[in-house]
Every structure is written in structure tokens, then in C-alpha cells.
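Scroll down for the structure; my scribbles are underneath it.
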Amino acid sequence: MRNRYFSSDPAQNSAALSLYESVKELPLICPHGHVDPRLFADPDYQFGSPVDLLIIPDHYIFRMLYSQGIPLDALGIPALLPVPNAVKGDSTAAIKVDHRQIWQTVCDNWRLFRATPTGIWLRDELAGVFGIDLKLNSVNAGAIYDAIEEALARPEFRPRALYERFNIEVLATTDAATDTLAPHQTIRDSGWRGRIIPTFRPDAVVNIDQPGWRESIALLSEVAGFDVRGYGTFIQALEERRVFFKSMGATATDHAALSAYTESLSAAEAEALFRRAMKGEATAKDAVRFTGHMLIEMARMSSEDGLVMQLHIGSFRNHNPRVFERYGRDMGADIPIRGEFTKNLKPLLDRFGNHPSLTLVLFNLDETTYSRELAPLAGHYPILRLGPPWWFFDSWLGMSRFLDAVVETAGIYNLAGFNDDTRAYPSIPTRHDVWRRVCADWLAGQLLRDFIDDEDAYEMMRALAYDLAKQTYRLDP
Amino acid sequence: MRNRYFSSDPAQNSAALSLYESVKELPLICPHGHVDPRLFADPDYQFGSPVDLLIIPDHYIFRMLYSQGIPLDALGIPALLPVPNAVKGDSTAAIKVDHRQIWQTVCDNWRLFRATPTGIWLRDELAGVFGIDLKLNSVNAGAIYDAIEEALARPEFRPRALYERFNIEVLATTDAATDTLAPHQTIRDSGWRGRIIPTFRPDAVVNIDQPGWRESIALLSEVAGFDVRGYGTFIQALEERRVFFKSMGATATDHAALSAYTESLSAAEAEALFRRAMKGEATAKDAVRFTGHMLIEMARMSSEDGLVMQLHIGSFRNHNPRVFERYGRDMGADIPIRGEFTKNLKPLLDRFGNHPSLTLVLFNLDETTYSRELAPLAGHYPILRLGPPWWFFDSWLGMSRFLDAVVETAGIYNLAGFNDDTRAYPSIPTRHDVWRRVCADWLAGQLLRDFIDDEDAYEMMRALAYDLAKQTYRLDP
Amino acid sequence: MRNRYFSSDPAQNSAALSLYESVKELPLICPHGHVDPRLFADPDYQFGSPVDLLIIPDHYIFRMLYSQGIPLDALGIPALLPVPNAVKGDSTAAIKVDHRQIWQTVCDNWRLFRATPTGIWLRDELAGVFGIDLKLNSVNAGAIYDAIEEALARPEFRPRALYERFNIEVLATTDAATDTLAPHQTIRDSGWRGRIIPTFRPDAVVNIDQPGWRESIALLSEVAGFDVRGYGTFIQALEERRVFFKSMGATATDHAALSAYTESLSAAEAEALFRRAMKGEATAKDAVRFTGHMLIEMARMSSEDGLVMQLHIGSFRNHNPRVFERYGRDMGADIPIRGEFTKNLKPLLDRFGNHPSLTLVLFNLDETTYSRELAPLAGHYPILRLGPPWWFFDSWLGMSRFLDAVVETAGIYNLAGFNDDTRAYPSIPTRHDVWRRVCADWLAGQLLRDFIDDEDAYEMMRALAYDLAKQTYRLDP
């Protein structure tokens, strides 16, 4: 019998299986993702309905259904309260749709997910986590719903129980710089042995053109315990927050920007920009420059406090104004743009590219940068590591193209291993499984073509599945 | 025996064959192309010599021969009459070359087409349409010429007879907005049961910087039956032409632009630009803005009249001034440029991206946009469908890369199926055959790797071969 | 037994082997590279230590070790003498490290090169050139060092002896426009039958913003025998140098630029720019324009004197200022940027694109240009040929992607065959071997899928391995 996902060439299939099996029992390292820490704070946390768990939070799923004309309302996506510039006539009251009916709609249209990672993940998740081998379709919809619902009622489907069953070693959440990390504190206080750690994400206070920026600064003042009213106190507050996050177990920060543009501003310029922003007078260009400057500042702080810096670029957020106005952020309407690193990142690299203890992990959504810029940069600068394929590219072919594009130039030891980057907690095992299988199949190809030998292949397999993520994110306890 | 084009892995080869055979008998849907409708207006239409049929109209062929130093004159390409800024000393009189000699030259150099789609198409066309299995080379040139010539004299090689034999269900031509569609009327009047439909292509009246634009506007006035002298009458004329095209069976429009740039102009701005253009004073920037505005206007009209909108971007036309001056347009000297959709198309999508009945099919010549922009856009916006790989990418590897790049993100149900986009009528069957084989091989790979199951694979095969084109272009009678 | 690098599919593996064996004995054509001609001027030239030969000159190797935190000093890379703007406190005295210790460090970290071309090349080179089959690792480091050292002491490891053994037919060096070509003269005078020819590379005198440009112009005056003080004498000096290079056997020129930007300046503008540069007042924009103009001038000269023109674009040189200041140029810190040809090269093509005797070979570091711009351009313009994948892309997958991306549009007869572009003389056989194996495997795939037949495949194999390079670079004696 062939083994799933591997090449259909018998020799490669069998070599891939051996490699895969050599890492199958290794724990999962989850250094970057968006699982809500409250899942673990309450030992008796319950997931709600199958739709609450699997559909409503998953923009991979509802964006595809939306693309085929199915309204988000019909999928249970809650509309926001009325907003000032909402389209006139739109009802903003959440429309109540029966979850069993939503599930039926999803299953009626499941063909849309054929040959997509979402299709693979949910199938594997149902089989692996819930023990459900039925195919997602109109006929089976009800039976699958019942089976999931029944499973979720059982204690072994509490998040903490799943953490053990999934064999997770560590799971990092992503948290606003202003977050009090109360759920993390609760977890620590509970004596539970799971390792859930926060990640410092300051975008909301750094991106001065974001709606709500001043509210975020007010919140920063509050958690800092002093008034953030200028650039100096802003930097001080961020530094103190980082100390706090680190004390709560954080080993990394995360930063999102439209581009990798960096620029060193003088203290006076930074101060002036910050003050303009506080008055609500910052321009779009001001915002780009300030973000570019803050990325360098964050690299400076990381070089001092040892937090691993992650940079995600290239997503044009909230591209569809109708969807944004009615449903808010993260609704599947984020579209990639072209990326550039060689010129944009140079000011940061000029200052910190050769730093002996800084690590900067790069992610982006433009595959053309892989071989042209990212691999050559990571194959030279000591601080750089390449994050795994992100978002749309967290897929079998996306990962295969990534390995093809970067390893010849950067090797595998300049990679950051895998991270699942998901808010869909029960999909974590299948996501890691896909990565491990891609790596096994890719290495099997290299092995059979005699580019590497057995010793190389097995050591690379382990590194890609486990070691690189743990080392890059400094997760040794 | 292995089956042509499919993977050499025996399991995949055999799975691909089964999938391919399941759609082999389905009719051909040809929703976009450049076949001359006059072929069908005259029931006794004759194709001329083998060179008239296969070489002179095919810029894929003569551009390659030209790239190796063979003059276009030696291939029978007619030079234009003297033009004002012709290179001095050039003879513009068409040079008469014996067609049998041209054919010999082409065959003497046929090695140039090894491993190219043109090479595949002509070989398959000779075998499949003409029953000629000889290899194209110097020795066989004469015999092949004779055999084609003899075939073309027979009644079963009239265009209408081939239409039946090719099993075409519908074939759309591409026609200027100012076209009277006389051949289409003749076809309709003739009672022949073939379905030849026009497509509304207004580029010549929309692109205000094109040479001859004012002449096109004059022609538009003529066919409209009123004077187009301002933006208002221009829009009115276009709307009326669309009504006429629709009455003649059109289900789609087609628009070509250098980029996907869109911009909503105010009525006053549009009027001002139009009037500057009428005075011959429009700048290059005016032209870009006006085209960008008209794309949005065309989306507006399509949202109202239901014509499917096609947009082809990214070809730098007539790149070689020497070739353009001597031979005119479409002479194999069109070179792709970088494409961008995320930002450029946003103004159009802001207005019409969520429209319930609009369909916009996107094509371009920059493969980097496939996974980065096109698939994410099509995987979210209800109006978008992705056209098949275009022009240089209408090839085995081009199609394979396309499926690899877009399906994981957009699925297959946001694709527009296949269109052959050809003026080379007898190449239609082989072009569809290549597409169907690519899809069969690609799906076989997915199937053997267990990404999809048998039911998925066969349904996807049919959709890609037939249903998606028919549905996207609204071709149900 | 499977054959190295070829597909693991048995049928393809065996077809690839047959194709490969058909060209195995053909001599190596090396039309572009950076081997030092002094190797051949002295019949008794000795290579120094294994580290002198294999590590210190190879930025592919030390950049990767550097990326993992190993200082260049520890690898024996000599620091420059103090430079004006050196980082304060840096010791610029070369640090002496024992070569046997350096070799041990390299071998201790050899895992970094798993699945990289560098890893393949050195393994193949040790086996093929030195007869050493030990794996590079900590344990074998000493034994390998000893074996290389012992080999290098033997007469059959003199460069001239290796030239015979490598079966090189011709090897081109790359030489500054101001070079006296003394080693080339010595070789010619020696009566040795090896064919070592120079290549005219005028970058240092053409790029007016390069540090040391005025010194280069002074040197140009010196070798020209007259004062280069304006644009006219500059052009005259270049033309005379080309005559000299040609008299010394050169058949080609080589030009490197950040982009493919070309622009025809008037004689007055060119003169003005040149004079500004002589006064040290040229701006960055002046430099771009002057380089763009000189590329057209070089095409003009090539159209007259028949030297094949090579253009390498897209490398952002000396990206890391710390490494540049301490160690100088070519230290593994050159990072690719995005490339563009369709618009940038148009002014040059407008003037010379249809020239009957000019050949322009294009290279770049942005793979996205392959299918989008380079193949369409080469598939039309008679003067263009595509150079093989360059630098980071001179790898198994890089070459495979190149063939996949360009052949369908340009065919193989618009390619320039292979060049090794290396300064690592003993790596030449393995580099050609990888190219020949890639081509064999790629053609085997085409053959088994019935895109081409046996006759096509064997003729294409020979063309790719030998003929195309020889013809493109006009190397017939």
C-alpha cells in the first residue's frame, strides 16, 4: 500500500516512509501560532458546537465558500455592531443560523476544497482527532456533525487533554504588547505541566496609521503604569513590556508589516513622528517610516534581551472594504503583495546583520523572494533564519517549492523549522504531519538521487521536524 | 505502452489515462479565441495553401524562425505598404516566395521547435487532423506539403465539416466593438447548426493613445448611428453595441491592457480626458487613467447586462519597432512585463468585487502573480475566475505550473476551465487535448498521493475539461 | 544500480544514462569563468595548501560558514589593510590560522552543505580529481587533508596537466579592460597547446561611480598609450583595447550591471557625464545613465568587431558593509535583486536587436524573468541568447527550473549552452558534469513523455553539452 502524500514512485515512497517514521514520535514544537490561551487557563474549557470549533474561526474555510457566492451570514460569521461608515441599509445585527444547518451548507459545498490544504487538514483532523472516517459531503453531513458533537462532550476533548494527546512540547501564543497575559498567569498558577508561552506582538502600538492606535497607546500607558506621551516613554514602555513577557516565558516577538522597509530615524525625527501621530496628523508615509524605524528598534531590543524576532510581511490586510466594514478584520480578505528584502532590510542589516546573538526569522507571501533574496540573505547573514512557508503556502506544494527554492543556497540549517501559525487548535497535528511528510518525501528524493546519503537524510529529517524550531526559538528550558 | 505526455511513473500513467478517457468524448467548449468568423460564413470556404493555413498566420512559428536569423520575408509574411516613419531603404513591396519553398525552409529548421508547444501542436495536428505521421524535417517536407494540400482540397476539410469532426459545441470569436458582425449574421441566416458567437472587444475605442483611435471613434459613430463626440455619447454607443453583440449571441467581452490598473474617474474628469483625446492632446498618463476608468465602466455594464468580462494584461505589444514598421501588429514581437493585481484591481473590486451576478475572468503573462495574487483574489472575491495559462504559458509545463500554483489556494471551482485563444483553427483539437492531458496527469498525481479520492478526481476532470468553461462563460443555451 | 542525480523512476533513470553517456567524452567548452591565467603561464604552478586551493578563494563555502556564526578570520580569509572608514577598533592585521585547523573547522561544519551544489561539487571533486572517497566530516578531516596535500605535490596536479585530464577544449578567463594580458602572452609564447583566451571586461572603467574609477581611467590611459581625458578618447581607448584583446584570442566581452537599464545618450550628454565623473561630481543617476549608454555602445562595438557580448545583471554587490570594509569585494555578501529586461533593454534592442551578426548573451539572478521576459525576448530577437543559470542557480534544481521555464518558449537553440563561471579550477569537471546530467535527465523526461523522439533527444543532448556553447561564443578556431 502506498503511503499518503508521498511520491508514487515506489522507491521514493518507501524511503520517505522510513524517514517519516524516524520522527513520528517526536513531540510537536509550536513556536508561533494564534491559539487562544484561555483554552488552557480553564481545565474544563469546552469548544462549543462543531461550527464554533471548525468553521466560524477559520477564514481559510469561509473565504472559499464566500468566493462561490455563499454569504458569510449564512456561515454564522457575526457582523460587527453598526460602524460609522457602514454601507447603508446593511443589517448589522448578527443573523442567527442554526449550526447544524451551517454545517450542512459547508458539507454541501465541500467539493470546493478538493486538492486544497484546508480539505486535507479537515479530513485528517476528523480521522486523526475525532476518529471519523466519513467523507465530507451532503449525505454524511449530519452523521459527522453528531459524531463531532458527541466527541466534544467527552473529557478527552478538553484542550489540556488534547495537548497531551497531540504530544505538544511547547505552544506559543501571540499576544498584544498591551496584553496582561492573565490567562498565561492562570495556566502557570494551575500547576498544569503544559508549556504555553506568550509572544510579544506590538503591531497595534507601532503602526501609527492603524485605526485605534491612540486607544492602544492609552492602553499601553495603563499597563506600563506611566504616561506614554512621547517617543521616549513609548520606547521605555515597550522595553518594560518585553521584560514582563520574558518573565512570563516568552522567547520571541512577532512583527507584521506591509513591506520589509526599514529606516533609522534620528531620535528627533522619531519623536516628531510620534507626536504627529498622537495628534492624529501622521501621514501614510509617516507611518511607513515609523514602522521601518521601529523594526530596527525592535532588532536593537532583541539584540539586548535575547527575544527572537519574527517578521511577517506582504499581506494587504482587509482588501475588501464591504467585508471589513461588516465583519471586521481577519475575514479571509487579506491579499498578498510583491515582497522585497535586499534593499528594504539593508538599514536593519547594516546595524545588526552581524550581531552574535540576535536571531531574526523572516516570513513573507511572495514566493519569488525565496530563491532570489531570502536564501542568499540567510546564506550569508548570521542573524537570519527563514520561517517556513506562510499562510497560503502552508501546503504540500507550497512547502515543496520552498525547499526546492531555498535549500540549495541556504542549506537547511538556516531554516527555522516548522510553525503551524494557526488559531485552529485541533488542526495542529495534521499541519505538523504535512510538514514532516513533505520533508520526508523531499529528502527521499535527494537520497535516491544521491545528493545526500542515509546519515545526512536522517539527521536532516530530525532537524526539520524538531531541532531547528527548538533551537531557532531558543526553547530549551 | 506508455501514453503520450503523461508521467512515466507506471501507476500515474495509467491513472492519468483513465481520467483522460473519461472526458475524451466530451465536446469542445471554445469560449475565447481568434478564429475568423468568415471561415464559417461561406460553406465552401477553402484554406489556401498549407503555408497560408499553417505558417503565415502563426506568429508562434515565424517568431522562432526569425529569432534564428530567418527573415520574415522568406516566410511569406507580407510587408505593409509604405508607412510614414518606415526605416529608409526598406523595400515594403511584399516579396513573393513560393509556398512550397517556404514550407521547405520551415521544415529544414523544425529542430527549433523541439520540446515546444508549437512543435507538439503541429505534429499532433498533422497526425490527428490530416492523418500524416511523417516527422517534420527536410526530407519529409515535400511529402507532407503534398499530403496537406491534397487534404485541403477535399470537402471534409471545409471549416464547417471540421467543426463537426472536432466536436466543437460552441466557438467564440473576438470582434471589435465597431464590427458589424456581418459574417455572424450570415452564419445565423444560413441555418447551419454550428454555434459561432461573437465577443465584444472595445480596446480600439477605449485605448485613447492607440494609433487610429480617432478613426475608431468615427467608425463607432457610424455603427452607432449617432455622433460620438463626448464621453456621454461614447458610453451610450458602447452600451448599445453591447446590446447588439448580445443579440448576436455574445456572452462575453474581452479587454486587453498593459496593466490591471483601475481608477474611478468622475464624470467630469472622464469627459475632459475624452475631449483631450479627441483633440489629439491626451498624454500617456491620460491614456492609462482612461483605460483604468473604462475597465470599471465595463465591469459596471457587465454587472447590468450579464456579459462575462475578460481581462488580459501584461503584454508589451510591438516591442520591436523594425518589425512593427515593416509588418505591423501581432508579428511575434510582443513581450510580457511584470503584472500586479492586488493594488491595481482594488478600485474595481471595491465597487464590484462582491456583485452577485458579475463574472470577471483574469489572464496575465507573469506567472509570479498566480500564487501570490490571483489565487488569493479568486479564492475570496465572488466575481473572479482565473483564466487558463495564456499565450507563452499555454503549454504542458505552463499549465502544470498553473495548477500547482493556484489550486491549493483557489480550488478548481474558481477557474474558468480552458480556452484555446487561437487563430489557428485546425490546432484547436490538439490544444484542448493537451489541456485535458495535463489535467488528467495532474489529477492522477493528486489521486495517487491520496490528496483526493476517485470520486473527486473524476468530477474534477470533467469540470476542468468541460463544465467550468461552459458555466463561467454562461454558455448554456 | 541507480545513476547519480537522475530521476528515481527506472525508465527515466536509464534513458538519462544513455543520453549522458552519449556526450560523456565530449571536451569541455569553458567560454566564461574566472580562473586566473597565471595558473597556466607557469608550467610548474603549484596550488598551495588544500585550504589555499579549496576554501580561501571560494565564497560559496565561507559565506555559508559565516551565516552560522563562524568568523571569516577563522577560515583564513585575509583582512584588508586599514581603510579610511573602517569600523573603529577592528584589527585589520591578517590573523594567522593554521590551514590544517581551518580544514578541520570546515569539515566539522560540513553538514551545512547538505543538499547544496557546493556540497555536491566538493564531494565529486575529491572523488573525481583526487580519488578521495571519504565523506567530509570531523573524523575524516585529517585524512582528506593529507591526501589532497600529497596529490597537489605530484606533477599530474599542475594546472596544465589537469587541463589535459579535464579534457578542456578552450577556457576563457575574465580580464579588466586595462589588463596587459601578460600571462596570456606567456602562455602563447610557451608553445603549450592548451587554449586559454581572455575576455574583455570593462566594468571598472565604465561604472563611473565605482570607487577607484579615476585610477582605472588613469590605467586605461597608460595601456592605451594616450591620455583619456574625455568621452571621445575614452571610446577610442576601449575600441583599441578590444582590438588588442581580440588579437590575444578573445571572442567575447563581459559586462556586469545592477540592472539591464539602457539609454542612448547624445554625444554631448555622454561627454558631459564623463567630465563630471572625472571631476568626481557624478551622481548615482549619472552613473546609471552612463552605464546604460555604454551597454549600447558596447553592443555597437560588438556589432562591428564580432566579439560576443555578455551581460550579467542583478547582483547587489557588497551588501554587508562590515564584511566589505574588513575583507573587500567578492566575500559572499552579494545579494540578488529583482530583474527587468522588457523595458530596460528596449533602447539597446531598438538599435541592435535585429543585427545580423551581433550576439548578446543574457544572465541574471531573478528566476521570474526566465519565462516572463528572457524566453520571449530570446524567442524573437535574433541577437539574443540566454546564458545558463548563474551563481546561486548553477545547481541541479536551478538548472532544471531554467530548462522548464525557457525551453517551451525559446527552444534550446536560443540558449548559450553551459559555462562554469568559476574561479575554482578543479571544480570545472563536476560543474559541467552536473549540467550534462541535468540536461540528460530533463531530456529523458521529455522523451519518455513523447514530447520528443530519440533523434531529437540525442541531438539536443549534444547541443546542450557542447555545440551551443561553442557556436554562441564563436569558438571554432
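Note that the chains take the letters A, B and C in the order they are written out, and that residue 1 is the start of every chain.
Criterion: a residue touches a chain if its C-beta (ideal position, glycine included) is under 8 Å from a C-beta of that chain, and two chains touch if they have at least 3 such contacts.
Not measured: the values here are computed from a predicted model.
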item: C-alpha-based rotation, chain A on chain C, 0 to 180 degrees, nearest 5; value: 120
item: Same vs different contact residues, chain B with chain C, by half of numbers used; value: different
item: Distance between chain centroids, defined by C-alpha means - chain B, chain C (Å); value: 40
item: Touching two or more other chains - residues of chain A; value: 9, 368
item: Of all residues in chain A, those that touch chain C in their complex; value: 9, 11-12, 340, 342-343, 346, 349-350, 353-354, 356, 368, 371-373, 375-382, 384, 404-405, 407-414, 445-446, 448-453, 455-456, 459-460
item: For the chain B and chain C complex, residues of the former touching the latter; value: 2, 4-9, 63-64, 66-69, 111-117, 119-120, 135, 316, 319-323, 332-338, 365-368, 392-393, 395-398, 401
